[in-house]
Amino acid sequence: MIKVGIVGGTGYTGVELLRLLAAHPSVELSVITSRAEAGIAVADIFPNLRGHINLAFTAPDSAALAACDLVFFATPNGIAMTQARELLAAGVRVIDLAADFRLKNVDTWQHWYTMPHACPELLPEAVYGLPEVNRAAIRTARLVANPGCYPTAVQLGFLPLIEQGVVDIKHLIANAVSGISGAGRKAEVAALFSERAENFRAYGVPGHRHLPEIMQGLTQATGHNVGLTFVPHYLPVVRGIHATLYGIVTDKQLDLQGIYEKRYADEPFVDVLPAGAYPEIRSVKGANTCRLAVHRPQGGDTVVVLSVIDNLVKGAAGQAVQNMNIMFNLDETAGLGAIALLP
Amino acid sequence: MIKVGIVGGTGYTGVELLRLLAAHPSVELSVITSRAEAGIAVADIFPNLRGHINLAFTAPDSAALAACDLVFFATPNGIAMTQARELLAAGVRVIDLAADFRLKNVDTWQHWYTMPHACPELLPEAVYGLPEVNRAAIRTARLVANPGCYPTAVQLGFLPLIEQGVVDIKHLIANAVSGISGAGRKAEVAALFSERAENFRAYGVPGHRHLPEIMQGLTQATGHNVGLTFVPHYLPVVRGIHATLYGIVTDKQLDLQGIYEKRYADEPFVDVLPAGAYPEIRSVKGANTCRLAVHRPQGGDTVVVLSVIDNLVKGAAGQAVQNMNIMFNLDETAGLGAIALLP
Amino acid sequence: MIKVGIVGGTGYTGVELLRLLAAHPSVELSVITSRAEAGIAVADIFPNLRGHINLAFTAPDSAALAACDLVFFATPNGIAMTQARELLAAGVRVIDLAADFRLKNVDTWQHWYTMPHACPELLPEAVYGLPEVNRAAIRTARLVANPGCYPTAVQLGFLPLIEQGVVDIKHLIANAVSGISGAGRKAEVAALFSERAENFRAYGVPGHRHLPEIMQGLTQATGHNVGLTFVPHYLPVVRGIHATLYGIVTDKQLDLQGIYEKRYADEPFVDVLPAGAYPEIRSVKGANTCRLAVHRPQGGDTVVVLSVIDNLVKGAAGQAVQNMNIMFNLDETAGLGAIALLP
Amino acid sequence: MIKVGIVGGTGYTGVELLRLLAAHPSVELSVITSRAEAGIAVADIFPNLRGHINLAFTAPDSAALAACDLVFFATPNGIAMTQARELLAAGVRVIDLAADFRLKNVDTWQHWYTMPHACPELLPEAVYGLPEVNRAAIRTARLVANPGCYPTAVQLGFLPLIEQGVVDIKHLIANAVSGISGAGRKAEVAALFSERAENFRAYGVPGHRHLPEIMQGLTQATGHNVGLTFVPHYLPVVRGIHATLYGIVTDKQLDLQGIYEKRYADEPFVDVLPAGAYPEIRSVKGANTCRLAVHRPQGGDTVVVLSVIDNLVKGAAGQAVQNMNIMFNLDETAGLGAIALLP
């Protein structure tokens, strides 16, 4: 059994991680910390876990964490970078579900996250935890930076085109919508039910923090700088990301469907739908799956890729468990077999 | 034109009051105060008001308010009671949309609102602003306590039975559900979209603040103490209250439908549906109407009354405007003619 | 492995049954019939099942069904009663998720379901599949009538009080709300998104088909006729039932909390919350759990019981799998361990 | 008073038209026809209209319609084209809210609407009722083709750029989302609450019927054929369209904000938001307003325009009333002053 600790865990990625780990056959959940909720039973805050998790939150405790095989950080940005060094030194492996180790360039990171990075020396070592790109590196990584939710949906959607060099990389467009759980479990007027229900709007058009993360991934795949316009929107659902991706293809004779099917033929968590299909977000609710479809409307030069994930699963906690499975040589799908809830 | 001021106005009852007053033919909106938003244009916070209201929020200012004919308090509980005395002394009439003047008994008020009452001497004078009960008193009132949302729906539903003395007043049950806007525009985890969407639960079973208000109204109508079990629930919609009321009738031969139709025959904002009908909350969305239906299932001794309002209109801002119309001898329906939005 | 067939399966209880059976360790799904969708892959209609179920719908086929150990009917009312006799004769055990065998009195059934019963001779043998009441009989049953969704939530909520004889059984009230998936996957204007979203209303007040089912269960528990007022409402969520139950207790000194905890101490799928708690429907979304809480507001004589289930799981497909587990001497929780999705 | 008739009127655009006309100061609603609902009071089907509209639906009746000044068709596609000729001959003016007269090219129409056009000779005369483009022609038109919902939002968003010739018209992208009321009040599984709630997907990528309508309008504005990729999506709200439009600008020094403000400076129903703003759909709920914002992220060559309308108002019934006002020389804003409901 892998001895696992969680730092944070009172947010939505935290409870999702708990849901997945509670059902995982090879995990012993040994400690979960929360300064604010220390002493409170996890199931008192998240009643879906009653009967499944008997742990209580504890105050942050280095010794307890250092005794783990793996520690997940389900914390706000800026926490993992202050504790990772010590844990690694103690031989503990780390998966950060926040953004601290996602960008390789420390200046870029500091620009977008508007704080000094506490631990830049670990950036070169950190492995970006998108298994469909970095599986081999993840296997031996000490420190994994779990990808953001939008970046997961957008990269998995664009990668086959980028890798094959068949689109104009200067004019990529990612129009994406996210369920409100992506805003986290923080008391904010903007995320109130009465602000988001029966409503829809864009945000972050001048620049969302996930933009540099996506651009880093796409640039790495092509070897050249990409030009990407990324427009996220608030979608009035709890879970789900849908990305509608647009690119201009360089050759109208391409077998786009074939390119996608081949690229993901061996991926357990990427499902390329038949030509003409439309992935819907409920088809992945609670599941670690990314479903994709590729269209070229009216036989023109614009390709449209549709990509859906559950932002809390493949976009956060599920991908983190997938990374854990890879790091510890478990079956990559262990604990991740749940079928999406539909309807 | 009536010169109107609003204290508060950054919450949901505030914006609704602004929406109604902006379209009112006899109102000049002269000042709206908010300490937090002073200097900000109202339409910057509530974009639906762009082109309709050019005012900006101002810091609280006694002189500006004292120059009004009428001041609405759309503030949290505990504010109006500290300012009402001074405004009344200046000849300004006051409608409080919060709870400060709703209960006649100061001890009861202090028990439920857990603070000392700053102005108990005004309680005897304050008129409870339910026009269907107190129209005459409202006309001449200096100070009107606008009813709570649940109390409006529940009292209008029960009153015909209570006034006729045809139910067991010791075992009344009010099962009610409210849209989330009833929780206000405050940053609270409990009111987040991701906490309330696709969810439903009861709350306040041991005692909600609207319980004593409802009991005061029903007791006054019957002259005896009533026994009421009131169970509110969070409904995952923005607007709307639906109360399902249960009572045991003392006589199975009663013409319940006739009692209701007669009671509200002259009321412009209470609509008794035909026998067998089911009022739905969307039929009053944005409108100042209470729709009622009365049933006696299987011809038994239990009567079931269904009552719906828009919590922000007949349950708050609309009723306040109705009270204003009465106080200033305007047509009671002035500015309140909007038809509910359906679908 | 138990060889299982499903008749119907294109509705919401059908896809939920498929989701649960696909993950069940002891089930071999051998045939699923649908006249309308014959030849279509199950996963083409329900994309969440892609990669989990490779079966296609087939035209109804007696031989294939007769070769099963167990056949589930996930059909509209009136189908199972025409096919059960033949299957039982072939040695196949049957669980009907519809209402054909729920009522013992054939006249009552014909009154509420407005059709002649095709197979009244099986009614005495059919076992009402509420494991918390009939576990022993279910174990050996050939034919199980899976309970309705409202009846499951209401009976589990009332039973401890009824069995202990501590409430006035003449004036029970069940105020219940149901997610729209309870209306099924039929093309009807009344169940359109635009009719139900941001809306709420009661229905069936004069008499819902689940009323006689609940009354049969409660009457059997107490040995006397009960008087029940049951008011269902449409709740704008996909999944979930919340029942708010009211009764008048005969003794105010009772330890209600203790009565509930004791009654369900050994039940794997009934969770009695601590005193003062409020079960919420999302805490059981996708799970086979009924969560209950009991309150006695203001120390009065009215008890309020709150009961939640997922209408598609403990209210339909999950309970059917639980019944199957009991009938085939499997672990009662096999295949039913999923934790509810929250948020 | 203008004597108005409505053909159809049991759908969502119909009830919205009734809501607006009931409050219009210069309209006498004289007849509303529906074959299916003949004899039923309008308010029995749409309870929000109780007390506002006393009319009943009548069977289609040429004489009654011929006695009107104006007839609105709120019918499915293919109805108005069979009746318009006769009405025009009788001196009645016609506004068709469906698509029968939107496209100038009859072959294109027949291709997209897959039926023969019953009345091609009226196509040249029909005026496309987008007042911001065709106000003068609308004033004298006998026959107005009211624009589709998506085409209204998309054209108003793109027109300033197109008219100024400052974008690459070969690679326009319109990514749009629509509330479910856009699918109409028809019994269809795909529009059920349980299919659309907590869900999101694209549709119509190979070609939606609104594509040729948009292209016709944009082509007319620029004088050249445009290349447009249009991807609509189902948004789980009742009302609202949000279009996110992308174009490549030919000059990065352009004052885009100025171009938009100038273009719509005199338009009563188009509101250009300040630079950096995000229009939200709830800001136009129930109102005849289109709100726009223009962005150029990271100072690049891609312009992003955000455009919102209420699909039932500016996207249908409200725009029809605006056209009526223009046709009959009324104040263009008459009956259209309602402020959007927020929250």
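The chains carry the letters A, B, C and D, assigned in the order they are written, with residues numbered from 1 in each.
Assume contacts are C-beta pairs under 8 Å (C-beta built on N, C-alpha and C of every residue); 3 or more make two chains touch, one makes a residue touch a chain.
Remember, predicted model here, so these are calculated numbers, not experimental data.
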For subunit C, the least number of touch steps when starting out from subunit A: 1
Of C-D and A-D, whichever chain pair has more C-beta contact pairs: A-D
Maximum centroid distance from subunit D, chain identifier (CA atoms): C
Copies subunit B and subunit A - interface residue numbers shared by over half, same or different: same
Length of the line joining the C-alpha centres of subunit B and subunit D, rounded to whole Å: 36
Inter-centroid spacing, subunit D versus subunit C (mean Cα positions, whole Å): 45
Euclidean distance of C-alpha centroids - subunit A vs subunit D, Å: 39
Residues within subunit B bordering two or more other chains: 12, 181, 185, 194-195, 197-198, 236-239, 279-280, 282, 285, 343
Complex interface listing, subunit D residues touching subunit C: 12, 179-181, 183, 185-189, 191-198, 236-238
Residue ranges of subunit C in contact with subunit B within the complex: 171, 173, 175, 177, 194-195, 197-203, 205-207, 227, 229-231, 233, 235-240, 242, 244, 246, 248, 276, 278-282, 285, 295, 297-298, 300, 302, 304, 306, 308, 343
Interfacial residue positions of subunit B with respect to subunit D in the complex: 12, 15, 19, 22-23, 46-52, 181, 185, 197-198, 238-239, 271, 273, 279-280, 282-287, 289, 291, 337-343
